[in-house]
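For reference, chains read A, B, C and D in written order, and residue numbers begin at 1 within each chain.
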Amino acid sequence: MTTAETAKAETATAETTNWGRWGADDERGALNLLTPEMLKAAAASIRTGRVYPLGIPIQANGVPLMDYRGKPMRLTLQDSTDEGIYDVYGCKPGTGAHEDVLVFASHTTSHMDALIHVYEDGHHYNGVPAGAMRALSGATKLGIEKVGGFAARAVLLDLPRYFGDPKWVEPGRNITGEDLAGASAAQGVDVRAGDVVLVRTGYLQMWFEQQGDSGFAQAGIGLDAAEWLAARDVVAVGSDNAAIEVIPFENNDFLAVHKVLLVRRGIYMIEFLDLSAPAADEAWEGLLTVAPLKVTGATGSPVNPIFVS
Amino acid sequence: MTTAETAKAETATAETTNWGRWGADDERGALNLLTPEMLKAAAASIRTGRVYPLGIPIQANGVPLMDYRGKPMRLTLQDSTDEGIYDVYGCKPGTGAHEDVLVFASHTTSHMDALIHVYEDGHHYNGVPAGAMRALSGATKLGIEKVGGFAARAVLLDLPRYFGDPKWVEPGRNITGEDLAGASAAQGVDVRAGDVVLVRTGYLQMWFEQQGDSGFAQAGIGLDAAEWLAARDVVAVGSDNAAIEVIPFENNDFLAVHKVLLVRRGIYMIEFLDLSAPAADEAWEGLLTVAPLKVTGATGSPVNPIFVS
Amino acid sequence: MTTAETAKAETATAETTNWGRWGADDERGALNLLTPEMLKAAAASIRTGRVYPLGIPIQANGVPLMDYRGKPMRLTLQDSTDEGIYDVYGCKPGTGAHEDVLVFASHTTSHMDALIHVYEDGHHYNGVPAGAMRALSGATKLGIEKVGGFAARAVLLDLPRYFGDPKWVEPGRNITGEDLAGASAAQGVDVRAGDVVLVRTGYLQMWFEQQGDSGFAQAGIGLDAAEWLAARDVVAVGSDNAAIEVIPFENNDFLAVHKVLLVRRGIYMIEFLDLSAPAADEAWEGLLTVAPLKVTGATGSPVNPIFVS
Amino acid sequence: MTTAETAKAETATAETTNWGRWGADDERGALNLLTPEMLKAAAASIRTGRVYPLGIPIQANGVPLMDYRGKPMRLTLQDSTDEGIYDVYGCKPGTGAHEDVLVFASHTTSHMDALIHVYEDGHHYNGVPAGAMRALSGATKLGIEKVGGFAARAVLLDLPRYFGDPKWVEPGRNITGEDLAGASAAQGVDVRAGDVVLVRTGYLQMWFEQQGDSGFAQAGIGLDAAEWLAARDVVAVGSDNAAIEVIPFENNDFLAVHKVLLVRRGIYMIEFLDLSAPAADEAWEGLLTVAPLKVTGATGSPVNPIFVS
């Protein structure tokens, strides 16, 4: 960091951020909170042995996509029309292989944001300047490959159940810290340091039922809940909506919650997770693994987190 | 299935295959073996709480790539030159987001094969004809989305250690069932039904040290080891090489081991996993999660399996 | 060709096809008709010196796209965030370059079909079997690179004008040989061997005005006009609609006109050309250049033909 | 333009640039020079009726590619495995269509630079700031779609012939204005306002013979020749090398000639044209059409210019 950046970082780290908390050069943020002991505790919390893959499909239609991100493409690289090309390797007649090429946005359907994803006042987490992201090389710092992949205890909070909503929380509702505390109390599960908190709003069920005719508004957490989560030192927050946070944005401030969690605290955000199956099973606690693809320099990755309860 | 296909399936299922074992319409193969009890046992096997993401980077250079699959591309979708586009959503000056588009083969670097990947005598696992893969729509059966994602007990067998090789098993060596049995006995770990067996050959360490100048040959399991694994009802086999199996192919039969495991038994194969870190820690047993992207109709997916020991 | 294919080709070439006309191995079809003398005549037909690029934009919205072909993507490869990467080559501060990566279907918006595009009874032009197209390598014969690029005399026939339609020919109308003869007579321009005939239906103007809300039907030539054109030994037919031919297809026979022109005669087809500007200028005759990208093995290419009248 | 930009533009336009020459908002540069009379003269210069497509293949191997631009991909979108999908449209058995998806850099193999391609002192042609190129939307000004496509008289200057080099001009040789004047005099062809000048260095023949083992250096025009061409008001300069200009760059100034031609004058540059066929035929003069794909916002386009002599 330049002197100016260091000065900026020092200001920002006063209480409201995690900048500098794990060193001036840290690129992993809240993942530093995780300890082997937490993992063992998470493993010990597995009771039913049920496994929930939380990702939704990646396809061109029938799933929520942002127009500017383009439509995912699966293209055939090799199929049965290629018979004979492996004869030199001893390929018998009738034997062959099918392969594809995939084209999609790093933030398509279920995905995890890298710390390079969002910046505020020209800076990312830990004072990394916005210019650390470059068009040709991608992220020179804070790229998704720095995450590597992680496992943690996860807690699922089911807000439609807590609010008594029939199917989903009404679009635009700002979920508060008190709401999260209330839901965790009602479900009998506590939020601890090092946890991933999965906040179910029912948005995906609304989207699938209405096939996208639901407009831009979504229920999600607001600034109060973001601070509540940050104060508890969670590692990541996942949700079933497009941006974790309530839309329209709180205070009409674009990505307000991303700035609190991702930029200031280095707390990861995982969007578009289908949380309906574990919610139906009342699987409130378990071990979660999140395995972004290690695409060097990328700003995020599609993921399919595995929740074992 | 047509009558002819049914007849074929009946022939093939005699002892040497799992066709029909989980129903004529089954598309998940050996994943049917997994039970909640196995998961609980896997969770109970977690001792140190260490977490190992096994995927290697996805990038255009410095990793093993097959020329015909093309080079992975990470392209910038949105960067700091786009300032102002979110003003309508209340975006403050200095705030912004970085995003990418990714282009790569489904079988690039660390990846998992779907059951639609390989066929023999014109048929895939469970008698599904090769024509179930179509260029435009992709896999109409046995696509990677049928996997969903899974967790299982995993056992790591370190063959260079067992053979006393200094760094890696010599290229072209055929690893047998006796070798696997010997390694598991030497390491004091048993292979059970429902396991994922991770076979370390050291190939990746050789590749990284030689930067691909090592030619086409690779150490890997042969037909004997494949039958040994199939007899134990494992769910999947992972390795650190390009194809799990020894190359040149045993009997000069292209994809001989793929045919035994993937086609005949529905046992999954996960290639190019970096197993060096858990091997160095002697982490022989633990919980593994494998989370392919749910790309509808795809023949495989890059993965970054998480091994918790 | 195998004996069977040769036999088939001999049958097919009886009168109704050009198979074998330019040799058993010919891959260029009607382009063989072009002579330097025709080119000189075409050059001599240039009167006003006006230049009309006939291609329409390639972009994700606002142009007619087929859903299955995906949306064209222009992605930034390099921009001003990359400052400094060329310092080693003497790049001065403030100097830089912008570049993109393009992703689109070969048949996106204005495009030319290669002879490998369509097959009938399992065979392409000149008896080339459908299997000459392979997923991995692409066209092993008749690919777009065999075209190279060409120039020819072109004649523009304006059907809305001829029919007295206010803006466009009504969707679904089958344009006949008599219609083409009538339009050419009314416009005082003749169709000769070696010509490209540009048939304006007004479809694009309808699409732009209605922004795609016009359904699937389109005016276009039918079988009678196709035979009329083939009998005159034209080199290519261009139009402003999606498939040159009337939709619903004549006799409810999918790609009926493609089979007559492209498959049986090797006459090229160029779709989605905006012919409104030369039509407004009554530029009925001139020199046309068509320059498909020489993508090895491709089934077609976007084009932007240049018409000089 | 802001006031500052206007001031800058005024300074820059003093003699050495074309900024402002065609209006403060002009985005087409030297294309403004073209008149219908020039086109008619170009048509009149056609003598032999020979047609030369000047583009080289777009493929992953065997052609000069810059590593950072990635390898071109042609991927199969639809092939004979898709039989049956068009039955609803009356598709007969045995009939089908082949299609692809293309992925490549806008500046891959034979290509044309848009005026947004290069900037100097933070500005493009006509004072357009570098920030007019944005990652998400692409070029907001000076994009390749502003070219549309054009035709012009073209003059081919064959430098190996002029220098008496056996096959190609030696790598690194700086071709001067005097060289261009000498070659045109020796060939008996003059360079006029509105021309495209095609400068053959033999680079492609060297590359094909040596398959890229020729290093980075290339013969090309230097600043003197650039000024010579600019003084003659040419519309575009094409060459058979990677950047038109000599490499190492003159004065070790990155893209020195691009700055003179593209940035200051709005004169277009077209790279990697295979000029060997017309040179062998001594086709020194003719009509050239250049038809970039109208990709909205792109910084350039692959092209396959058609030269008719």
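Basically, contacts are C-beta pairs under 8 Å (C-beta built on N, C-alpha and C of every residue); 3 or more make two chains touch, one makes a residue touch a chain.
Everything numeric here is computed off the predicted structure, so don't read it as measured data.
Shared contact partners of subunit B and subunit D, listed by label, are A, C.
At the interface between subunit A and subunit B, over half of the residue numbers involved are used by both copies, so each side presents largely the same positions. Separating the centre of subunit A from that of subunit B, both taken as means of CA atoms, is a distance of 24 Å. With centres taken as mean Cα positions, subunit C sits 46 Å from subunit A. Residue positions of subunit A touching 2 or more other chains, listed in rising order: 68, 70, 73, 76-81, 101, 103, 131, 133-136. Chain contacts here are complete: no pair of chains fails to touch. Subunit A meets subunit D in the complex at residues 68, 73, 75-77, 79-81, 101, 103, 135-136.
On the side of subunit C, the complex with subunit D involves touching residues 34-40, 43-44, 46-51, 53, 55-59, 68-70, 72, 74, 76-81, 86, 89-92, 94-107, 116-122, 130-131, 133-136, 138-139, 145, 148-151, 248-249, 251-255, 259, 287, 289-300, 302-306, 308. Those residues of subunit A lying in contact with subunit C across their complex are 60, 67, 70-71, 73, 76-79, 81-82, 85, 103, 131, 133-137.
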